[in-house]
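Chain IDs A, B and C follow the sequence of writing; residue 1 opens each chain.
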Amino acid sequence: MSWFFKSKQVNLAILVASFMMGFVPYFLEVPQVYGFANTLTMVSAVVGQFAIVIAIYSQYRRSLRFISERRKGWVYNIYLLVLMSVMILMGFLVGEHHASYMWLVNSIVAPCSSVVYGILAFYMFSAGARAFRARSLKAALLIIAGITVLLYQAPLTGAYFPGISPYAVFLTEKVGMSLNRMFSIAIITGAIMLNVRMLTGRELAFMGFVGEEGS
Amino acid sequence: MITIVESLFHIPGVVSGRALGLILIIGIFILGIYYMRRRKLPYIRRVAAIDAIDEALGRSTEMGRPILCSYGRGGFAYSVIAAMSVLGHVARIAAETDTRLLVPTGGSHTGYLTRELAVDIVRSQYQMAGKPEMFNMDDMPFLSGEQYSFTAGYIGMLVRERPGAVIMTGGHSSEAMNIAEMSNLVGALTITSGTYVSNMAALACASDYIMLVDEQPAAGAYLSRDPEQLATIRVIDIYKILSLVLIVVGLIILNATGNDFIRGLLAS
Amino acid sequence: MGKEDFNLLKWMATYDKRWTYLLLFILVLLPMIYPIGMPISVSELTKEYYEQLETLEEGDIVLDSWSTEYSGYMELKPGMISSHKYFIKNGIKLFICLGHPEGLALVQALLDEELKSYMEKYDYTYGEDYIILGTALPNQAATLAMATDFQGSVKVDWKGDSIQGTFLDRIETGADIDMISDYTTGAGNPGLINHIVLTFGTPMIQNQIGVSLPGSLANKDAGLITGLLASTRGGSELELLVNEPGPGLIAMDAFTLGHYLLIIFIVIGNIGYFGWAKRVSEERERTTIR
C-alpha cells in the first residue's frame, strides 16, 4: 500500500485536484465546489499546524546533543530547553488563558519580540547615516529625495513648513507606490509560474522527490 | 466606454470582475509550458551579484572563516526555490574549498518543509565533491518557527561563528535588516536579496551587495541552468513588458482622447 | 612619535557608528520622560481614515483583524487605541480575530490594560458589544470559510463559549459585515481583500507599519482599502482627530528629533566624505598610478 502514497502520479493528481478546488471557486461560478473547497482549506490549515510537533522534537534533539557535548554556547541551549518545556507544560496543564501562562507570554515572549523589532530602528538609522553619500549625481538626487521624505515624516516640519508636503507625497505615493507595483508584478508572476511548474510535475522537491523532476 | 468593457468581459460562468485575471493566468500557463518545453534554453544575462558571491566565498576561504548562507523563511515560494539554487552553488564551492558552511533554517511554520530540501541539496553537493564526511547536520540548525526567535538565533550564530561571508537570499522579511547590520558588525561581506519590497531601501544601505527582486531568481536560474527556472524568468519579463505597453498605451489614449479604456479594461 | 592632531573632517567621515546609537537612544528617551509638546499636522491620509470611521453607525458590526505580533503592536499601538476608543464611544460592535499566536498578549495589553476603564465608562461589555474569536483568521483558507459560511465555520469564541444569541447571529456571509478594520505589520491577511472586500464590496480600513506603507498605498489607490493609517505618526494624528490624546502624541517629539538627527548625520557624513575621504582616496589612487 505504501507504493500508492510514494507514487509521483498519485501525489501529482492530489495536487492538481487540490489546486482546482481553490482555483475554480475563485474564478468560476460553480457553487457545487464551494463546500469541498472550504473543507479542504480548513483541513490543510489544521494539518500544517501539526508540523510544530516536528519542530519541537528537532529542537530538543539538537539542544540535548549540544549540551552533552558542551559545544560553544551550550548554556543558551539549557535556557532554551527549560523555557520551552515550561511553556509546553503550562500550556497543556493550565491552558493559554491562565494567568501564569499569560505572565510567561507577557513577561518573556512579548518583550523579547518587541526588542528584536525595536532594534531595527537603530540599525536602519545607522545604515542610512552610513550609506547616504553623494558619490555621484544619482546618489545626490537620492539623498535629496530621502531628506525631503524624512523632513515630511517629522511631524514638526508639517506643522511649520506645509509646503514640503506635495513633494514628499509625490515621492512616497507616486514614485514609491509605482515601484512597489512593478515589484509586485514580478513577484506574483513568478509565484504563478512556480505553480505551473508544480502542476506540470516539473518542480517536485516540495513533495520530497528531490532530483526526480519530470520532463 | 467602461460599460462596453464590462460587457466585453462579462463571460457567463466567470465571477464578475475576475475575467481578465483568469485570462492573464491562463496566459502565464500557456507561455510557461511553451518555454519549459522548448529545447533551446532562454538566454538570461549573468547577474553581477554572482561575481560578488564568488568573491565572498573566496574571501571566507582565505580568512579561514565559515560561510553563512540562508534561503529565507517562507514555504515553497518562488524566491525560496530560486535561493535553493544559490545555496547549491555555495555548497558546491564550500565543499571544493573545504570551507565550513552554515545554513540557519526556520523562521516560519512552513520552514520545516523547505528545510528538508535544503538539507538534501547541501548533502548531495558534498557527496558530489567526494567529501560526504564534511556534511554536518548541526551546521544546518532549525532555529525556530517564529520570525523573531529565528532572528535572535541567526544573530547568535553570526556573533559566535564570525563568518567571512553572509549570503542571505530568498524569502527574508524585516529580520533581514537585523541580520545584515549584525553581519556588518562582525566584519562579514554581506550579500542579500530584496524580495521583501518594504525593506529593500534599508537593506541596500546595510548590505555590501544586494540583488533587487528579480535578480535573485535570475541568479538562481543562471547558476542552476534549470530550464524551468529560466522559463520563469522569461515569462516574468514578458509580463513586465506587457504591463509597460499597457501603461504607455493607456497614458497615450487617455491624454489624446480623454478615454480611459485601458483602465476600465484592467479593472474589469 | 606624537599623537595625531584631531581632524574634524576625518572624524566626520570615520566616526564610530555607536555614537549614532547612543545619541538616538538619548534623543528618543528624553522627550518620553520630559515631553516637549511639539505641534503636529494631520495628513490627508489620516483625515480619510477618520472619515471612514465616521461612516459607521451605532450597532454596525466591524471585523477587527489583529494580524500583528506583539512587536508590531508597539508601532501600531496609538492607532489601535484611538480607533478602538472611537468604536467604543460610538457603540460599534466588534468581533476580534487574531492572525498570530502572539495576539493573545495583545488582548491583555490592549483590552485589559489600555481600554479597560474606557470600556467601563461607556458600558462596553463582552458578549454584547464585542466578542473575541481567537486565532480565527490565521490564513486565507480560514478567511474564505468565514466569508462564505460564517455560522458554519465559527461557532465558539476564544474561550470555547458559544456565540449563539449574540450580535454575530446577524452575520451569514461577508456581506453582512459593515466594515473590516485591519491592524497589520506587512502583507497582513490577503484573504480579507480577496474573499471579503472583492467579493462583497465590504469597506476596509487598515493600520499599517511604516515600512510596509507603499504596498498598502497601492491597495488604497486601487480602491481595495478605503482608509489607511500610517504607523505611529498616523495613530498620533488620529488621537488628535478623535480627541483622545495618548501614547502616539507623547512619541511624536521623539519621532521628530530622531528624524532630524538622521538628517544631521547624513549631512555630517557627506561633509566628511567631500572634505576628507574623497580627497584621501583620490590621493591614494594618484600614488598607486605613479
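The rule is simple: a contact is a pair of C-beta atoms (placed from the backbone, for glycine too) under 8 Å apart; a residue touches a chain by one contact, two chains touch by 3 or more.
Small disclaimer: the values here were computed from a predicted structure and weren't measured.
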item	value
Mutual neighbours - chains that touch chain A and chain C alike	B
Chain centroid nearest the full-protein CA centroid	A
B-C or A-B, whichever has more C-beta pairs in contact	A-B
Chain separated most widely from chain C, comparing mean CA positions	B
Distance from the mean Cα position of chain C to that of chain A, given in whole angstrom	18
Between chain C and chain B, distance of the C-alpha-averaged centres to the nearest whole Å	27
Chain A and chain B: spacing of chain centres that average the CA atoms, whole Å	13
Of all residues in chain C, the ones touching two or more other chains	69, 71, 213-215
For chain B, residues that touch 2 or more chains besides their own	148, 174, 197, 202
Contacts with two or more other chains, residues of chain A listed in rising order	26, 113, 116-117, 126, 128, 130, 132, 179-180, 184
Partner chain B, residues of chain C touching it in the complex	69, 71, 185-186, 198, 211-215
In the complex, chain A residues that touch chain B	26-30, 48-49, 51-52, 54-55, 58-59, 62, 65-66, 71-73, 76, 112-113, 116-117, 119-120, 123-124, 126-128, 130-132, 179-180, 182-187, 189-194, 196-198, 200, 202-203, 205-206, 208, 210-211, 213
Touching residues (chain side chain B, partner chain C) in the complex	17, 147-148, 173-174, 197-199, 202
Chain C residues touching chain A - in the complex, by the definition given at the top	17, 20-21, 24-25, 38-41, 43-44, 69-75, 102, 104-105, 108-109, 138-142, 144-145, 148-149, 152-153, 158-159, 194, 213-215, 217-218, 221, 233, 236, 252, 255-256, 258-263, 265-266, 269-270, 273-274
Touching residues (chain side chain A, partner chain C) in the complex	26, 34, 37-38, 41-42, 44-45, 96-97, 102, 105-106, 109-110, 113-114, 116-118, 121-122, 125-126, 128-130, 132-135, 143, 146-147, 150-151, 153-160, 162, 165, 169, 172-173, 176-177, 179-181, 184
